[in-house]
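Scrolling down, you'll hit the structures one after another.
Next come two complexes, and both contain subunit A; in the first it sits with subunit B, in the second with subunit C.
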Partner chain A sequence: MMRLAVRNLFQNRMRLLISVGGVALALMLILSLDAIVSWIEQRVAAYIEASGADVWVSQEGVRNLHMASSSLPADRVDEVAAVPGVESVTPILYVTNVVAMGEERAIAYIIGLPEGAQAGGPWNLVAGEVDPGPEGAVIDQGIAEKSGIGLGDHVEILGRAFEVVGLSGGTSTFTNSIAFIRGQDFSDLRANPGVVSFVLVRVEGGASATEVATRIEAEVEGVTAQTREAFAAQERQVVRDMSTDLLTIMNSVGFLIGLAVMGLTVYTSTLLRRGEHGVLKALGAQNRDLYLSVGLQALVSVGLGLAVGLAFTLLLGAVVPRLVSNLGLRVSLPSVGKAAIASVVFAVAAALLPIRQIHRLDPAMVFRGK
Partner chain B sequence: MLVAHRNLTKEKTRLALSIGGVALAIMLVLILDGFQVGMYQQITSYLEHSPGSVVVAQDGVSNLLGATSLLPPGATSRVQEIEGVAKAVPILSQFVILDLHGKKQPAYLVGYSPELGGGPWEIVEGRQPRTDEEMVFDRVLARRHEIGVGDEVKVIDRTYRIVGLSSGTTSWMTSFFFLRKSAVEDLFRAPGATSFLLVEVQEGKSSEAVRDRISGLQGVEALLKSAMEANDSRLFARFFSAPVRLMAGIAFLIGVLVVGLVIYTATVERQREYGVLKALGARNRVLYGVVVVQAFWAALAGAALGILLAQGARLAIMSARPQFLIILEADMAGRAIVIGLGMGLLAALAPARAVAGLAPAEVFRR
Partner chain C sequence: MSDATLRMSEVTKRYGTGATEVTAVRGVSLAIEPGEVVLIMGPSGSGKTTLLLMLGALLRPTEGTIHLNGERISDLSEGRLPGIRLHEFGFIFQDFNLLSALTALENVALVASLAGRKNGEARRKAQDLLSQLGLEARLHFLPEKLSGGEKQRVAIARALVNDPAILFADEPTANLDSKIGRDIMRLLRSIAKEQGRSVVIVSHDQRIKDIADRVLWLEDGEFKEMTTMAVDPVCGMSVVKEGAAATLEQYGVLYHFCSRGCRAEFLNELMD
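This part shows the complex of A and B:
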């Protein structure tokens, strides 16, 4: 029966191609959206993870960077530095603003760094200087390339012209890039002196970041201190919480389409093989043998569909970032698991559909030439 | 035509599955389109309802939601003095992340002066904030988190009491909520700060001329409100159009495959009949016609059902998740039919090949 199922399946290559393609595309709907969200989740915390800080200190209650604002009185910097276990502190200024390059305008995190910053600067310098220096800026290489900007050119940040002194890699996300300027320039332009956004803390060798964060919160008033990992997790949670409903809707549609495609495939295939099934029945095959044959075909089809869908999603993951600078795909294991479960449901549901047809099949029909 | 009709309708379950498959694909394309249109409407809703026709931002900032704007000190009074300006309404605004019942909820905070305007345009319950400890919250967001007038919400390190619920201030991505401007200055430790000025132009004066005059001031950027709305839409389109196009493209291919599978199976099943037709002198053109007519009707019926399904899904989604606004416009139905027919035509390619390659003698060998 297994051989019969496989032979039936592979005999008509065009139909197999269409059915596997249909299932693969339906699963791609589930896999690719999951992969986009997973990529955004990963990239949204890139700056935090690469900052070099063990603990991030913010205004009390601020647990995010993206779409958030934090304002700390500057004297908190020294208070944090005095906490046991703190090796160095780097106060940074932060705002989401635009980098204007000629007619092009790109949304960016503008980071104001102090001179000799121990953390929070560009982590993957592609060209030029790491330290922006006075009236200098380090901007994302991809964004610069897109606008034809290079080292020595000028860009406008916070309404003032800055010379591009460095180009950094890995500093572009789904929504924005990151631009680094001197903290002094930043506060001059924002007219809000005496305030910093975050304090980036490096802990002494051997000290626990979690313990230092707890100590900072206990000893310094009006701050929230989180380890780098905890802060990055909060950032990823924003993306997850925002996309949950959207993912549910898209996954449901993908699931329904997959069901329809697979149901259609198995049903039409059974329909075409009516004569053959009649012969088998006439030769003494039981209904359950035929069910098994149909079920196996459905299972092999969705298995192939899953493999093709996964392969195409991985391919998209390789191609899309080359075509769209702010988009990528990251296929995660739980997402593949979800698609695999959906595939099994497709196969089972599809195999159930022609049961009535097989059950009603009259073995004598084969002799009537039907 | 008769052969095509008979082939297509012989197996009712197969026909239903194929129409259903196309309909689901069309529904997905329409819902994605409608979602994008709804999103643009939601994100420009604040500007649409805010006072004035010119918006003044920090130099270099050309949209409301994309970047944080901070005007140079004294900008409000300098703008007020410009010829043609009737009123300049200051607001201090910024995205914040609210932690509501363990969920991260991005929201756009607008600090405004109730006596000047720039706040909620439709309060469905309660009133405007009278003190710095009061807020107007978005009605949909409040309902999702089961909070209402009289409840307290923590924003960064302060707590505010809801005194009003606003309508039309929600979107799936972010909702608007409102505090007094002085409260926001305090929250952001930025006394006297202003993000944007919403400028009303004197009667009979040209908004463009006022915009140009304001642009001459140092450190500010003046835009027509309509231009800023367009910039916000463009910004969000840049983020979301690529994933939406990708999903819609996949849905289209699914539709093509579904119709293709049905017509192909129907064609292969009737191969002998096609052979007889060929042996009787029917040209390939006639047989192509039979195949295309089947694909056409399957796709058309699928597209029509898809439009109905999209309408149903739209209502179901918006009722279950009111933060989503899905707008289906009349021209979308036309586009869905064109897309459906496109699916049908592409889907007819494989069966047409099967028919073309058929030898008329085939039928006599069996």
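This part shows the complex of A and C:
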């Protein structure tokens, strides 16, 4: 029956193309969305991951960067530095605002760095200086290119003009980028001296970041201390929570498209082969033999659809970043697993539809010229 | 293959109920012995196909019984009938009914696989049968590439592949030209006589009478007494007098023809 299923499938190439194409399209939609969100999750946490800090200390209760605000009295910095196991501390200021480049305005995380910061600065400098210096800024290269901005040009941050002294890579997503300025400039513009947003802690060699974080929370009042990994995980979770509804809707759309295409093609294919199924039943084939044939056709179709959908998603992943600087796709194994499960559901559901048709087929029809 | 005897006793088949009820077959009894070629003839709508369907375990009688080797198959559950058809019966159709996506070899081997033969064994058996039927050069051809006669020989190989005791053929020569039709008839006869299989044929083709051991005339769902057969004076075919397509009385002799064409040709020759 395997041979019959495959031959039936490949006999009508146009129907096969529609069926495989439809499934591939549906799975590509599911895979691409997952890959985009996965890429954003990775990018969103990229600053935290690359900050060089082992522990992030924030205002009590603040557990992530995105859409959050943290404010710590400046004297907490010395208190944190005094905790055993802490090698160095870097206080940073942080706010979500915009970088204005002529007519262009791009949402950005504005990071205020102290002079000679040991953590929290740009980690992938493409051109210029790492240290923004007074009235200088390091901005994302992709955002700068998009607006025709280069080194020496001026951008507006927090209402003041800054000279672009450095361009960094890997510091943007399609929602926002990161701009680095001096902490002093940040404080002056916010008119809020004596306050920092986060304290980035490096622990001594051999010390456990988890233990140091626990110790900081115990010894310093009004702070939350998390390891870099825990802080990044929280950041990713925020993005995941924000995109869950969108993902659910789009995945459902993709799922329904795939289901409809597969169901329709398998159903019409079975309908068109009604006569041949009747002949097989007359010759002595059991219903289960025919179910197997239809099921195999559906399974092979969705298998091909999955392969094509995955190939096109990987191709998109290679092409999109070249066309759009602040967007990418990261195809993950769990995402492929999800698409594979969706494929199996497509196949089973599509094969179930014609079963009633086959079950009720009267083999005597073959002799009556139907 | 078993030396099967198929017996039908007082079988009636009715379709519909009440005012729309139609009796297709009424009180028919029939026994088919091993190696026998039985031809069932009759006008259209006489119940021939219904009778064949019941004999072939494709349709249950409304009344009466059908026994195969003593087993009452007319009462078997739906789940057991495909097995009977697969192992005990072979079917040959008017339209050949080969699976269009499979080659000649695969069409035959598939039915052997359905009966539980392993793939290699099924293909070997199919190849042997097709070669015996002169199709060794056509094994890997799709049905669309085969002539009508070749298709019917593939269908015969498919019917034989599980070594059935009884072959049922529904108008096996209807879509074939006369020479090929005659070859198929001879083939069916040799299968019956050399292999001891019973062959039940339903047909309008008068020529098949020549190879039949028994000719039964079914009309209005009942077997009727066969009167003498006549020979078409133009084409030489045997014609059942009751079923002759045309007749002509000339100088006190009643002629029977297989077709109106033969009658017209006969008249033309008389005028010449």
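By our rule, the second predicted complex is superposed on the first by the 356 of 370 C-alpha atoms of A that agree within 3 Å, B and C clash if a C-alpha of one lies under 4 Å from a C-alpha of the other, contacts with A are read in each partner's own complex, and residues count from 1 in each chain.
Definition applied: a contact is a pair of C-beta atoms (placed from the backbone, for glycine too) under 8 Å apart; a residue touches a chain by one contact, two chains touch by 3 or more.
Just so you know, these numbers come straight off a predicted model, no measurement behind them.
Using the contact criterion defined above for the overlaid structures, shared-chain residue A:Gly150 touches neither subunit B nor subunit C, since it reaches no partner. Using the contact criterion defined above for the overlaid structures, shared-chain residue A:Ala285 touches subunit C, although it does not reach subunit B. Once the two complexes are overlaid on the shared chain, A:Leu256 sits against subunit B while remaining clear of subunit C. In the superposition on chain A, A:Arg7 makes contact with subunit C only, while subunit B stays out of contact range. By the touch criterion defined above, A:Gly337 lies against neither subunit B nor subunit C after alignment on the C-alpha atoms of chain A. By the touch criterion stated above, A:Glu276 is placed in contact with subunit C alone, subunit B being left untouched.
The larger set of touched subunit A residues comes from B, when the choice is between subunit B and subunit C. When the two complexes are superposed on chain A, none of the residues of subunit A touches both subunit B and subunit C.
Of all the residues in subunit C, the ones that touch subunit A in their complex are 49, 52-53, 56, 58-59, 79, 82-87, 89, 91, 93-95, 97, 99-102, 106, 110-111, 113-115, 158, 162, 170. Chain contact summary for the complex, subunit B toward subunit A: residues 11, 13-14, 17-18, 20-21, 24-25, 27-28, 31, 58-62, 66-70, 72-73, 94-97, 99, 103-106, 154-158, 172-174, 188-190, 193, 219, 221, 235, 238-239, 242-243, 246-247, 250-251, 253-254, 257-258, 260-262, 264-265, 268-269, 317, 321, 323-324, 350, 354. Residue ranges of subunit A in contact with subunit B, taken from their complex: 12, 14-15, 18-19, 21-22, 25-26, 28-29, 32-33, 36, 59-64, 66-69, 71, 73, 95-98, 100, 105, 107, 156-159, 174-175, 190-192, 195, 222, 234, 237-238, 240-242, 245-246, 249-250, 253, 256-257, 260-261, 263-265, 267-269, 271-272, 316, 320, 324, 326-327, 353. Of all residues in subunit A, those touching subunit C in their complex are 1, 3-4, 7-8, 10-11, 275-276, 279-286, 289, 363-364, 366-369.
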